[in-house]
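The same chain A turns up in both complexes below, where it pairs with chain B and then with chain C.
On to the complex of A and B.
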C-alpha cells in the first residue's frame, strides 16, 4: 500500500486548539494530514468550497455524522465507516456516488497518529468506492468537549436516467431481499465496548455497496426500493418503508440471515437482531418476477454472497411489518421505540 | 413571524439518548422539530438522501462544522451562523446557493426548547438566503461528550456561466475591497464568554451575502476573488490569497474599517483586529477599473454599506501581505500562527 501520510508524527504529537485556528497550524494540519491523504485536483482548488462540472440530470445528496464509540473496532474504524455510510446512502438513492465533503470535529489532545490512521482509512474506503473527497472543514474543541473525533460526511452522486428508487414504491407482490447477514456491525461494536463485557470474533461488515447497486440497477429494469438498514436495524427500516408506501410487509423468521454469533450476543444482551444496526448490508425490494435474477446477481459479489429473500409486501392500505415466526404464528414488528445502544455509527 | 415549531415543549423536556436511536423517538424528533421547521418537498422525500434535478453547468460544493461557544450571542446563535456560513462559502465560490444538508450532534440533556430555537433560526436564515434544507442527520451523544450542540452544514449551488472566481486569480493592479467592518463577529463572541470579563454593545454581523455576490457578479464582468475572512481574519485570508496567486498584497491601515468597539476590545485583549474572525463581511478583489462601480453597488446593500477599498495587489512573484501603517512605514502581516480564540464559529 502506498504511504499517504508523509509526516512521521510521534506518539506524543497531539491536536492542539491552534490546529483549529484557521491560521498557520490549521494550514499545516491540512497539508500534512488531509491533503497528504485525500489530495486530488478538486480539493486542490484551495477555496472555501470546490467547483465541478455537472451534466443535466438528477443528483442525489446525503449527509451523515459519525460519532461511533470506540473509534476503532474489529473490521473498521470511524473513518471508513464515515465514507462507506454516505456512499451507501447515495447508492440507496439509486445514485452513482461521486464526491464527498468531510467535516471533522477534533478533541484537543487527540494523537496525530490516530487522526492519520483514520484519515488513511477514509482515503482507502473512498478509493474502493471510486469517490473523491473534494472539500472539507476541521474544528478543534477543548479536551472534554467531544470524544476524540466526530466526522460528518456528505456526498453527491448522479442518478442515471430511468432509475426511480423510493421507499414509497414498495408494492404488493414485491419481495424483500436482504443482501447479507443481519446484526454484524452492531454486535462488533458492542463487543468492542469494554463495559458490555463480552467478546465475539465478528468483525464489522462496513463496506461500500455502490458497485453492487450500480450493477443491479443496470441489469434489472424495475427495482423499487433500496435501503441500508443502519440505526434501528432491519425492523425499523422496514417500518419506515411500510409507512412511506402504506403497505404491509411480512418477514419470514426462518429466512432471516442471522449468524450464530449475532444470535448468541442477542441472547446475552437481551436484544432482538431485527433492531441491531447494520452497515454492510442493504434491503432490496422489487417485483417477484425479478427476484431470482437479483439474488443471482447479488450472490456473485463477496459483500452480498449471503443475499436471500426475507419477506414480501403482502397488502396495501395499512402500514405494518409482521414476522411469521418459526412456529408458524405471526407477531407485529414495531419500530424500535427507544434506544438499543447509543453511538453505533 | 409564523410559528414553525408546533410542539410546545416544557423547559424540562430534554434530548435523550433514544432520540438518536433511529427508532420511534428519532422519528418523533425529526417530525416535531426538524420537519416542523424545515419542511419542503425535497426533505419530504423521506429517504436516506434527496434527489433533485440539475441542469448542465458547474456546481459548487462546500461544508463547514459549527462548534461556536456560547450557543447564543448578541446578533445570532449557532443555527443562523451555520446556515449563513455555508451560504457565504458557496457565494464566495461565485455560486447561487441552492440546497443545504445539516448534520446535528446533540448532547444528552440539551433542552428541546433550545434545539427548537436554534432550528427556528436556521430556517429563518435559510429563508432569507433563498436556500432549502433538503436532507439531514441527527446523532445524540452522552452528557459530557459534546457541548450542547454541534452543527455541520454542507451546501451545493450553481455557478452561472462565465463566472470564474478563484483565489489564484488575484492579479497585479487589482484592488482589495472589504465589504464591511472588521472584527465584529469575533468581538461579539468574545464578549459573550463570561471568562473574558468584558462587555460590548457589538452584535455579531452574521448574515448571508449571496444576494450581494449575485448582484455583483451580474453587474461586473470581471471579479477575480471573493472570500469571507472568517477564522484567521482578514490577515490570514489575504495570506491565503497571496499564496494561491503568488502575489504581494498591500493593505492601507488608515483605510481599514475597524469600529471603535473592536479597537477597544483588541486593546483590552491584546489582539490584532486583522486576525479576528468575521462572519458578515467579504473581501472582493477585482481590477481597479471596476472598483468604483463595485463599491457603489456594495454600498447600496445594508449589509455592505461600509464597503471600502482597503488595499491592492502590488506585485507578483512573491506571496506576501504588508500593511502600510498610519505612520507611513510598512510591516509584514503574516498568517495567524497559533490560536487567537477557539470556537468562534
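On to the complex of A and C.
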C-alpha cells in the first residue's frame, strides 16, 4: 500500500502558516512565487542578504510599508504601490534608485493567485523603474491578524555628484511646482472601498517618477526640494517642508490642479483635496529662474504633463503654509490633525 | 462641478460684496444657523469681504456639536457590548463623551464602523445576522429622514438586529431660544437652507412674525451666503422682518412632504439637551413607541452617572451668539483639533474647528 501525506506541502492554493515556517513550504513559496517573478543575479545569490558593489559618493536609503485596503483598485494594487512608493522616496532624495528589499506579512488563507498577481505587479513596476528586488523576507500570520497582505519595501539609490535635495533647502524666492493632478490616488482608493458607496472613473496614478527626477536633475542641478505628497497630501507635505526650512509657503488656490472628479468626490465626502493622498505626483521646489525650464521638461512626460506652478516661498523665519483664495484673501493650510473625517451633511 | 462653480464664481462674489458695502448704513449682527454655512464662511474667509459694520455670529447648527455628552456616553456603552457593531458617521468618531470617544474605544477593540449612509448599516445588519447593528443617528431635520428610511427598510425586511441610537434635533426651537435670550444680539438670521428643504418655511415665518427679525433661507456656497447676507441687510436697513427664500433652487415653500410624512409617522417631539447650550423645549425627536423594536435606547438601557461637562468650553455661549472664538482663552492653545476641549473643535462644521483650520495667517 502506498502511503500519502495527509497535508501535501505543495498542494495548497492558499497561504498556510507553514509557508512562513522557514521549512520546505517556505522554500517552495520563495522558489515558485518570489524568485519566479523577481529573479535576478543578485537575488539568486541565495543568501540571507544581498552583497553588491558600491560606487563612490553618497547613497540614499529609504523604507515604506504598505497596508492599503482594498488590495486591488483601479489603476494598481498594493504591489506596484509598494515598489513605486520606495522608488519615489529615493527619487525625491535626488537619487537614482537601484536595489529594493521587500518584506511580506501574509495572512493565512490568502489565495496564492492573489499573491502571485501582486508579486507580478511588483516586478513589472520594478522593471519599469529600472530597479532590482534583491532580497526579501516572508512571514505568515494567523487568519484575522492582518488584512490579506502587508508589504514593506526599502531601497537604496545613488545620489549623483552635485545634487543636494533636502526639505530644509526651500528658500525665499523659490517656486513650488506640482507635477500633476491632486488627489487622484486617494479618491480612487476611497471609491474602491465597499463602505463608501460611490463610484468614480478615476484610476490611481501610482507610478514611478525616478526617470523624471533624473532628467530634471540632469538639466537643472539647482533643485532645492523634491517630495512626493503621499499620506497627508499636498497640505501636510508642504507644512513639513515649511517646518524643515522655517519658511512661509503661499499656495495659489486658482492654480491648484484638482480634477473635477476629485472635487466632486471631496464635496460628497466632505474632505479637502489638499489632504488627500497622492502616489503619482511630486512637488518640486526650485529658484524661480529655473521654473519655466522645469515646467517645460516636466510637461514632456505623460506622468507630469499637468505640471504647474502652485505657489512660492514668500518669507523666512516663520514656518507657515497659507492659501491665497480665488477671492483674493488668505487663509492658513494647517497640518492635518488626524485622519480626515467625513462631514455629516 | 460646473453647477457648484457658478456659486463660487469670483465675479459674482465681488459684485455681491460691493452691493453689501453700498447697502450697509448701520451695524448689524447676523447669525448663520447651519454648521455647513459656518464652514463655508470660514473656508472662503467671507468675513474678509464684508464691511466692518456687518458682524457674523455662528449659530448652533452642527448636530455633531450639540449632541449631549450623555448620548455619546450611551453610544460608547452600547459599543462595548461584544455582540454590537456600532456604526456612525465620521464626524462623530472623535467627539468626546465624558471619558473617551468612539475612535479610542475602536482602538481598544470595539467593533465601530464608519459609514456614509444609515442604509449601509441596514446592509451591514443583513450581512451579520448574529450581531446587533446600532446606527448612531445624529442629525437635524436635514438628515433625520434618511435615518427613518433606513428604519423602514429594516422593518420591511423584518430585521430584528438593527436599531438606531437617535440624537435628533429640531432647529427652529433653538433659533427661538436664541432670540428669547434677554441679552440677545442677533438682528437677523440666515436660516439653514437644507433644513428648510425638508421642513418648509412655516417655522421661519412664525419666528420672523413673532420676534421681528428677518429670516433669510440661505444656501451653503459662497455666492448663496453673500446673497443671503445682502437680502438680510436690505431688510434690516429698511427695518423689515420678513422671511425670504434666497435658496429657491433647493427649498420649496412647503418643504419635502414625503420626508415630513416619514417624520410624522415615526417621531414624537420632546424637549432635549443641546451640548453646551442646555435644555430647549420641543427641540428634539424620539422614536414613537410603535418603533421601539428599532430603538437602541430600549434595547440597550443605560444609566449615566457622569455629568462632567467641561466648564472651560464656552462654545454654548458662542453658538448662542453671545461670544466668539476670540473670547475663548482655550481656543488654539489648550483646545485644538488634536486635543479638543469641546465638540465644536472636533466636527469640521463646528465653529471652533472651522475657524481654527481656516484662520487668518
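Observations
Criterion: the second predicted complex is superposed on the first by the 328 of 345 C-alpha atoms of A that agree within 3 Å, B and C clash if a C-alpha of one lies under 4 Å from a C-alpha of the other, contacts with A are read in each partner's own complex, and residues count from 1 in each chain.
By definition in this document, a contact is a pair of C-beta atoms (placed from the backbone, for glycine too) under 8 Å apart; a residue touches a chain by one contact, two chains touch by 3 or more.
Quick caveat: nothing in here was measured; it's all calculated off a predicted structure.
In the superposed model, A:232 makes contact with chain B only, not with chain C. Within the superposed three-chain model, A:331 lies in touch with chain C and out of touch with chain B [touch as defined at top].
When the two complexes are overlaid on their common chain A, residue A:269 makes contact with chain C while staying clear of chain B. If you count the residues of chain A touched by chain B and by chain C, you find the higher number for B. By the touch criterion defined above, A:136 reaches chain B but does not reach chain C. Applying the stated contact rule after C-alpha superposition, one finds that A:93 touches chain B and leaves chain C untouched.
Within the superposed three-chain model, A:201 lies out of touch with both chain B and chain C [touch as defined at top].
Comparing the two interfaces of chain A, the one with chain B and the one with chain C have residues 334, 337-338, 342-343 in common. Residues 195-198, 248, 260, 263-264, 267, 269-270, 320, 322, 325-332, 334, 337-338, 341-345 of chain A touch chain C in their complex.
Partner chain A is touched in their complex by these residues of chain C: 1, 4, 8, 10, 13-14, 36, 39, 43-46, 48-49, 62-64, 89-94, 113-117, 120, 138-140, 142-143, 194, 222, 336-338, 347-349, 356-361.
On chain B, the positions that touch chain A within their shared complex are 16-18, 20-27, 45-67, 88-90, 92-95, 99, 101-105, 134-142, 144-147, 150, 152, 154, 156, 159, 165-168, 227-228, 230-233, 236, 240, 244, 275, 277, 334-340, 342-343.
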